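Chain nomenclature is as follows: A, B, C and D, assigned in order of appearance, with residue numbering initiated at 1 for each chain independently.
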């Protein structure tokens, strides 16, 4: 599974209580950005990549690539599964295909994770500028 | 200090209506009975991130403008559009949604609500199967078996368990809270005994385990309400459960169909389904068919991946099957506080719960074709009005891109992500804090929302803003007809 | 008569044009055809505002006109919807609901076609040389009235739920198929020459599904019945290969037949112990 | 605004007017003696039938259950659409039309007052939101009270007056119009997936029987002086042999009648007039029911006529709907409401060739024709249970024309045809009787003083149909009857012309009527304290969030009622 410090995983996105609180406080608060620009990982997977809690990682799928902070999952064990809270960061990498029902594939997207010590986690407005050229 | 009681919380689909707010100088200063999200929401109306003045993008930058100008611009964009999208609606009142539908009809647009990216697939399957369900009080009074599947109420609906299910006090079923506390205590005790045994007796660990086990009967055999959680991760809710089934990501459909076969007393020709041993499943099925009243709640874990809508098809079929044996109900855990209301108003006015296309002058519905994400992905729309929602933070990038590329109007209280890439931004009052209205709880019970404080000066409720846009659109259309006639 | 349609522009908005139907064109002059109503977004237009129309007399004059569309009409929906005779040829991609509720006649697409092609079809033939979208031959939302007859041939891949609720007729897919092929089908035949995503035949009650390639998995609610040396798809088309025969779906007390080629599916060999 | 309708054949049974050629004058939304002929707008109704606007005593048009039905059935809507016009909103049909379309379609047929018969109290706001979005027609709704825990407990304890006070509070809180009882006791039992099977079957956990509930609520109804009787959907509905339950139900309140006035309304009676032990031996029990009703005066009925079509069944009778689902395997929605009631929805196709369905069709018409006094039986389809209300013109034709009945009889299941009583019934209703079964009788049973007639002071709700009874015989020209009732020549609502030649001219709000039940004063506070105490135990919403405020009614029309308690 590990090839040059790159791990093949299944990406899930979803709700966390921190994201829930963050979105109610306001989307331009730092609480919100910090709550959703993260990626929860199984501790064993983090060991495989040799990264620590809070390290920057690059998550890539067939649809895009984004840098977020890796966080040790409290909901482990779930080896091979990573979890990014709903938000603009997750949206870069989810699968837009709706299979004719209107619902994109937000959960269960094949992805890779690799350490990205040199790449920054973009702030919200930088991310919007990068993705949409607006904001 | 005035205290307002019985306030409904405009956050999640549980719509707790027992919140007590303390108001001081026209501001909410204290929130009682609410969860963390509730507190954050009620305190956020004073946030510095509020939008206070309408904004229009000029040469790529926002400039402040008057409400009249912002509404005029909005109306022009919508009246000129050949295929506009009107999206959002789940965080506002039914009264505002009603005006939104009239506006969509007037401009011949596609109107869609956030169900499309949460429980839209559930609605599609309900349209195939129907849904045996009930109000939450029925579960509180009667359910002796509660299943949460692909949802984590502890994080997303924090008071759901205490108000409506396992830890609620009902007429025929009592709260399982005490049993749960006893379990926690015994687990802590068990840990202590274990470490003490290790230190003092120095026996083989397996021997200690063997001695300890018999006193801790598998809790699924225990009397009273039982809680089963099915999820891909061991969530907080899963930790409270009597029985936790960790399903392989994307394999819920197989698990549900296997349960159905077992409920029908059929044998399976496999040992494991979705990573779960079939013997475990048999135990779970026993608990299901032997309960007096079971309730299955499901979340986005079932709708957003894998078999998507057909996960729900299987879940609904499972409940149909179970009703041949006992009483069983099922309910989606609706996210936004009024997404159910949006579905309701859409349905009574147009016949369909979401993804309604008015471009031919009458309601048409076919998610996949008329749903907003697909319309955006195919690049068909030429303008968008977003009300009470934040699609740029919830849609896949490619869909959000098309929104941002075309004229985009945002109506809402906060400088949301969508607002930041919009062309016209109209600030609105917080529904349920600064404006009254009606919202529907996840079980379709309508709950009134209160106005407890005034909105900032000059900021109107969504309903009023939409009315003004609608009348401006009609004015523009009249002007145009006149000009054409002349 | 042959009527040639040339799109006048690259369509950005959805176009609803169920008037593109030999039955409707029949007996009309090219001017009259040009005046037929279509919708582009929320504006009503005439067919000749969107297409250049040309008529040519065919050598042998068939009863109903032949309509040929030259170019990309992937935004144009409901082409040939409800058609009862005649022929439509699309030289390019076609939009959603192609040949919906079609009763007879023929539609050929030399490109891809989007979702709901042949939805609720009763008869006639649709042949697609490229890929087809989701819900091929499937019913409208909430309805259980699937395909009741006719034939659909797709030479490329298809999306999800091909042949859902099918009662009669045949669907042949010479590429790969997405999830839920033959979902809740009650009769008829579906053939997938190549690979199939998971949940083939879910909740099927009757009918036949034949998969020549690899299936991701067979649902636990199917039971193995035996091995077959060959399977007949339709008159004159037989696939020679050992096939596992499963029946299901048990959850619906179904007796649908699911043939899965043995060769490409070694992961199913554990079923052989039940034979 | 003044209006003069000239020279029509007027059928106004409440005032004894039977087809006389006369003028009807309207001023400020009311019928008046005369108007200034030079100022008034004139409608020439020469050669046309003039009747009061239609009244429907039982039609599921709004609320949670109806909307769940709409949501359930996109395939019911997508081929029956209404395009937006300069004056009207768009919408869809067929069996469960969207709200705007519901209002327009009723108005097009000349109906102006419709009662929604099943409102779960907890979800009353929903019903009212939809009613307010149903244009043109006036309407009201009946709260479901037969399985409400308060009612079960008070009646069990013999506290009729306490019960009456709480029912009064509930009617006001829900802005309701009458006491609706559905499968009494059965809905509470359905909470655990069970049912009750006879009038004396005890309700699990409550120690009360259906008989006690029915009698108790009849007494409550009298104590409160409500304008309508209790509105009852019987136990065992939809089961072979249930005509006996229906007869027993009617008998069980015989002694409560006073002065020959009705005390009970048995709704959609067709569904509880089944004879036989099972579906094979199933047959009509209409004759027995009709004989009983002909001999007694304390009962009114409505038909619940079946139409051969694909429709959507929906009732508060959860266990019945479950049975229907197990019979058909169709989609099934169930919605139990805590402390109060339940609901179920199953799509259903009535087929001509089915013995049972064809017999059901026959039963409805047999009831209407065998019951001699038209004031006792009202025309309904229990919309959409027997079929959509848009089928009324066809039912009118069957009632008026033996020829129309025979035309349909020829096409139905032969066994059903041979057993049907219809061939032996020669009765053909005339326009006077049709006016009774479609408006006057319904208004009278509902106690609506200003509806269902054209006397001075009545609401100016008028329907004009293009059929000349002088030159045409409806029994022979039943197709013309159908056409006339399908598209009214004029519908006048509150003095305004809203429909002309079957086209809607105006989108306007209709009123929502509700009973402002006034109790003897001191008990109100006591009542509230009592309710508050039990609220947290029984419901999952707060006491003050429960009642429907008047803001929910687009046009609120309270009707004061003075109670005896």
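In this section, contacts are C-beta pairs under 8 Å (C-beta built on N, C-alpha and C of every residue); 3 or more make two chains touch, one makes a residue touch a chain.
Computed from a prediction, not measured in an experiment: that's the story for all the values here.
Novice: Weigh B-C against B-D on C-beta contact pairs and write down the one with more.
Specialist: Most contacts of the two pairs: B-D.
Novice: Return the chain label for which the distance between chain Cα mean and whole-protein Cα mean is smallest.
Specialist: Chain nearest the centroid of all protein C-alpha atoms: B.
Novice: Distance from the CA centroid of subunit B to that of subunit D, rounded to the nearest Å?
Specialist: Whole-Å distance between the two chain centres: 36.
Novice: So what's the Cα centroid distance for subunit C and subunit D, whole Å?
Specialist: 46
Novice: Mind checking the centre-to-centre distance between subunit A and subunit B? Centres are C-alpha means, answer in whole Å.
Specialist: 21
Novice: Could you list the positions in subunit B whose residues touch two or more of the other chains?
Specialist: 124, 127-128, 358, 360, 365, 367-369
Novice: Using the touch rule from the top of the page, what residues of subunit C touch 2 or more other chains?
Specialist: Correct list: 115-116, 134-135, 140-142, 179.
Novice: For subunit A, which residues are shared contacts with two or more other chains?
Specialist: 99-101
Novice: Looking only at which chains touch which, which shape fits best: line, ring, star, complete or other?
Specialist: Contact pattern: none of line, ring, star or complete.
Novice: According to the definition already given, which pairs of chains are in contact?
Specialist: Between chains, contact exists in these pairs: A-B, A-C, B-C, B-D, C-D.
Novice: If you look only at subunit A, which of its residues touch subunit C in the complex?
Specialist: Where subunit A meets subunit C, its residues are 99-101.
Novice: Along subunit B, where are the residues that touch subunit D in the complex?
Specialist: 5-6, 8, 17-18, 94, 98, 102, 105, 123, 126-138, 140-142, 163-164, 171-172, 292-293, 320, 323-324, 326-327, 329, 343-345, 347-353, 358, 360-365, 438, 440, 444-448
Novice: Enumerate the contact residues on subunit C facing subunit B in the complex.
Specialist: Spelled out, the residues of subunit C in touch with subunit B are 12-14, 16, 39-43, 75, 77, 96, 115-116, 134-135, 140-142, 144, 179-180, 183, 198-199, 202-203, 217, 219-221, 223-224, 249-251, 271, 274.
Novice: Report the residues of subunit B in contact with subunit C in the complex, numbered from low to high.
Specialist: The touching residues are 81-83, 107-109, 124, 127-128, 253-254, 257-258, 260-261, 264, 266, 268-270, 273, 307, 310, 313, 317, 321, 358-360, 365-369, 378-380, 382.
Novice: Please output the residues of subunit C touching subunit A within their complex, sorted ascending.
Specialist: By the definition above, subunit C touches subunit A via 115-116, 133-135, 159-161, 178-179.
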